[in-house]
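Each of the two complexes below includes subunit A, the first together with subunit B, the second together with subunit C.
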Partner chain A sequence: MEARQENVEIPEALQVVFAKLEEEFGDTFLGSSFFRGELTFTVSVDDYVAVATFCKESPDLAFERLDCLLGNHYPKRADAPFEVVLHLTSVSRNTRLRLKIPLAEGQKIPTISGVWASADWDEREAWEMFGIEFQGHPNLIRLLTTEDFVGFPLRKDFPVRGTVGGRIRTDLKGKI
Partner chain B sequence: MSGHGLEQHDAPATPHRPTRDELIERKALTRQRVAANNETITVSMGPQHPSMHGVYQAVVDLDGEVIVATRPGIGNLHRGVEKLAENLTYHQFIPLTDRLDYVSSFAMNHGYCEAVEKLMGVEVPARARYIRTIAHELARLSNHILWLGVHIMDFGAQTFFLICFRDREYILDLFEMVCGARLTHSYARIGGVAKDLPDGWVEKCRAAVDFLPKRVAEYERLITVNRIFLKRARNIGIFTAEDCHQWRITGPALRAAGVARDLRKDEPYAAYPEVDFEVAVEYDADVYSRFLVRMKEMYESCRIIQQCLDNLPDGPFLAADAAHVLPLKKNVLRDSAAMVQDFMHVLRGPQVPKGEVYRSIEVPKGEMGVYIVSDGGPKPQRLRLSTPSFYHGQAIPAMFEGEMLSDSVGIFGSVDIVLGDCDR
Partner chain C sequence: MTDPTSPRRAAPFSPPGTARLLSAADLAALSDASDAHVKEALHEDHIPGVAIPASLEKLLGFGRSFSWWPLLFGLACCAIEMMATAGPRYDLSRFGMEAMRASPRQADGMIVAGWCSTKMAPRVVRLYEQIADPKWVLAMGSCATSGNIWNTYNVVQGIDALIPVDVYVPGCPPRPEALWEGLEMLRDRVKQSRHAYDGLRIIPARAAIGE
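And now, the complex of A and B:
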C-alpha cells in the first residue's frame, strides 16, 4: 500500500496509538499511512484478531467501540482484490484508528463479533454485498437483500441496473 | 394505596448517581429470568405493525409475557444507496442523503458534505458554517419533537402526538422558506449551502426559537412528572455504557448512560466551537433517562440557534473554490468562468484527491459516519454510510431480552430508529 504522508504533525493522542501498536506488532504490519488526520494500519489476516483484541483490551489504546466494519472491492489488484476495513473509536481518549485487511479472492477472515458485538450485522452486510466469508460468524445469512438474491451487489462487476432479485417468494409460506 | 391521587408530583429527584456496578445490578433485577426449556410462543411484531416505527420486524419468542429472544428483520427499505453513490458524482449524491433519515434530512446532508469537504480539503465560509449549524439544530428539534410525539403515543397517549405535530410545523415552515422543501431539503452543498437565507427568515426563526422552549416546557409539564409515564418508563430497557459501546449505541441513548460523548464538542465542526452549549447527560440508562436527555437537548438546540442568529456573520454562503464547488446558478449565464466551472462539474464532476476519509458527526439519532474512498475520479470508489439506526436496530434483541412484551414498544421507541436510515 502506498503511504501518503502529509506535511502535518500527527496529533499527540494518535502518536501514542502509533507508538504502542508499532511496539507491539511492528514487524507484522503490512503498512501504515496518515492522511487528513487519520491513522491507518494494514494488517494481515493472520494477525487481525490479535491486533483488534489488543486495540480493545490495552488500557493505553482503549478502543471500546467499533464504529463500522465494511468490505471493499478493488478488481484491479490482482493479489488482494478484497479488503475489510475497520474503524475503531476510543470514546474515553477521543481517538480513531483504521485497520485494513487485504484479502484474496475467496479468502476467509475470522469473525470479530466476539470482540465487538456490533460487528455482527456489519459482517453480514460485508458478506452479502461482497461475498467475503467470515469464519465463525454465528448467523451468516442475507440481511438487507431477499433470501433468494443471487450475486454480491457491491462488487464492481455487478451491474447497477439488473433483473436479479425483487421477486416475492411464495414457497417460504409458513416456514418463517 | 399510599399518597393522594390528585396531588402534584415533582420529578423524581436523583441526588444519587448510580455507579456502574449499581446499574449492572439494577439491570439484572429489572430483567426477568426465564426458566430454561419453558414452552415459548412466537409472536411477529411488524413489519407493518403500528407499534413498530417503520418497516422493522421483530419476531419475539415469549415465555408468558417475558421476551426470551428476538429475531430482527430489516431490509424492506433497502435501496442500495451505497451502490448508487459509486455511480454518481459527489454533487449528485446529495439528494439521496435526504432519503436516509427523512425525519432530519438536513443532518444527513450536512454529515455527507462534511465528509466530502474533509476529503477535498475545502474551507467552508463562516456564514455557511453558521447557517448549517442553525439548520442542523432545527433538524434536531424537529426530529426530537416528532420522536417525542411518537414515543409518548407508544405509551398510549394519542393526543400528545398531535400537539407535537403542530409544533413541528413551525420548523418545517422555516425549512420550506429557506429551501422550498419541507422534508427532503437537499440544502447543504459541498463548500456551503445552496441558497442564502431569504429576507425575513432570521426574524421568523428567532420568533420560533423564542417560542419553542415554552412549548418544550409545556411538554415537560405534561410528561416529565406524569405518574403513568414515570411508572412505565423508569427502570426498563437499562443499557449501561459498556453495553452501548459493545453495540455501538450512540447519541442520546449513550448520553443517558452517563457518557458525555457529543461530537459537537469532541470533534467540533461547523460553528459549534464558537457557541456555548451544554452536553445533556443522564445517569440511569433507562428509557426515562433517554427521554430526559432529548428534552434537555431541545432547550440546548434553541440556545445554539439563538446564539448563531445573534452572531450570524455576513459574507459568502458558498466557498469560492472552482475545483470543488458548484457555481451559483445566477452567475452561470453571466460569467464565462462560472459557466466553464458549471460545465466541468455537471459533465465531469469535482476534482478530488486520491485518498480516504472517515468523518463522523452528531446527527439527532447518534453518530453518523461517512467513509469515502476516492481513486481520484469524480465519483467515489466506495462510500459507506455508517448510520446510527442500523446499529440501534441491531441492539434491539439485546435490549429486549428479559423485558416484558408491553415494555418492548417503549424500549424500541427510546432508541429512535428510522428505517430509511437503517436499510440505506
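And now, the complex of A and C:
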C-alpha cells in the first residue's frame, strides 16, 4: 500500500481494515491510497455491492454507518467522468473508509440501499444532481429540485449562475 | 393560485408612491369600476372598503405597532440571528414581538429570514396569503433581499419577486442591532398604517407566470 506522505505511521486499526479487504478482494481493487490519515479504495462497478456488503457485515470491519454517498463529475477524465464516493464509518472500531467507484458516461451502478438504508435518499440526490442511475433503487425520483426542473445541476457543464431550469422569473425582480 | 379576475385582484388599493405598479393600462382597465370611491382610493392611503376617521386609524396603528407578531419564518442562517434578537440580550419582547406565531392566521406579518429556494417559493407565497390583512413583510438578510451570492439554479433572487416587501435589512446575517433597526422602520409603517394592504396588489412577477 502506498502512503503518499513519507514516514507516516498508518494506524493499527486501519491496517487491519486494509489487510482484511486485501485478503478478501485483493486483485479486484482498482487502487488504494492512504493520505493524511484517510484510507481510500477504488472499486469497480462489478464488485461494488460485494465490497460494500463485506464492509458492513464482516465482524472485523463492522462499518455500520454510511456517512454519505456522493456523486462526482470529472469532465477531464474521458474514460470515467463520473464517480460515486462512499464514506463509511465504523463506530465500534473507530475507523473510517472511503470507496470510490469510477463510472463512464451513462453507466449504471447497482443500488446499496439494501445494505444501508440511508443510501436511498443519497442515491436519489446523486441521480438528481449528476444523472447517475442506480439500478434496483425502489424510488429513484427527484429529491431537492422543483417538479419542472430540467437538467443535472451539479455537473460541471451546468451553468453556475442564473435560474437555469428553474421557474422563478428573475428578470421580473424589482418590478413590484 | 387565485384567479386574476377575482374581485380581490380586480380592485387593487395601492397607496401613493407605488404608482409605478399600476401602469396607465392598468388604470384604464380599472376605469370601468363602478364606484367612484374605488378610483379615489387608488390615489389615497386609505383602508379599503371602510371609511374610518383618521384619529381612529392612528389609534389602531399605534396599538398594532406595540404588538406586532411576526410569523415564525426562519428559512436559513438568518433565523439564528432572528432568534438572537429575540433572546435576552437584544430583546424583541421590549417591542411586543416575542410572540412569533407559528400559524400565519394569527400573525401580523412575516420576517423572511434566509434564502428562499424555488421549491419553497410557492409555499412562501401561500403562507403570505394566509396572513390576514393588514400585514407587513420584512426581508431579513441579503438572501431575502436579492439572493446574495447564490445566483444559482435553485435560489429566488430576492423574495420581492414573490411578495411585496416593506423593509429590507441587508447583511449576511444582519446583526441583531441591524434587524432591530429594520423592525423600528417597520413599526413606523405599522404605526402610520402605511402600505398595510399591499397583499391586495397585483404582483407583476406572479401575474406574468399566470397566477
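We take it that the second predicted complex is superposed on the first by the 157 of 176 C-alpha atoms of A that agree within 3 Å, B and C clash if a C-alpha of one lies under 4 Å from a C-alpha of the other, contacts with A are read in each partner's own complex, and residues count from 1 in each chain.
By our rule, a residue touches a chain if its C-beta (ideal position, glycine included) is under 8 Å from a C-beta of that chain, and two chains touch if they have at least 3 such contacts.
Source: prediction; values computed, not measured.
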Where does A:S118 make contact in the superposed view: on subunit B (first), on subunit C (second), on both, or on neither?
first
More subunit A residues in contact [subunit B versus subunit C]:
B
Classify the contacts of A:L70 with the two partner chains as first (subunit B alone), second (subunit C alone), both, or neither.
first
Could you look at A:P153 and tell me whether it touches subunit B, subunit C, both or neither (first, second, both, neither)?
both
Examine A:T145 and indicate which partner it touches, taking first as subunit B and second as subunit C; both and neither are also allowed.
both
Considering only the touch criterion stated at the top, classify A:A80 as touching first (subunit B), second (subunit C), both, or neither.
neither
Where does A:L30 make contact in the superposed view: on subunit B (first), on subunit C (second), on both, or on neither?
neither
On subunit A, what residues does subunit B touch that subunit C touches as well?
144-146, 153, 158, 160
Show me the residue ranges of subunit B that touch subunit A in the complex, using the header's touch definition.
74-75, 78, 80, 82-84, 87, 118-119, 121, 242, 245-248, 259, 261, 266-267, 354-358, 360, 367, 369, 371, 373, 381-382, 384, 386, 390-391, 394-395, 398, 423-424
Contact set on subunit C toward subunit A in their complex
21, 118-119, 121, 146-147, 151-158, 160-162, 164-165, 201, 203-205, 208-209
Residue set of subunit A touching subunit C in the complex reads 144-146, 149, 151, 153, 158-170, 172-176
Complex interface listing, subunit A residues touching subunit B:
4, 35-36, 38, 40, 64-68, 70, 72-74, 85, 87, 89, 91, 94, 96, 98, 116-118, 120-121, 129, 142-146, 153-154, 158, 160
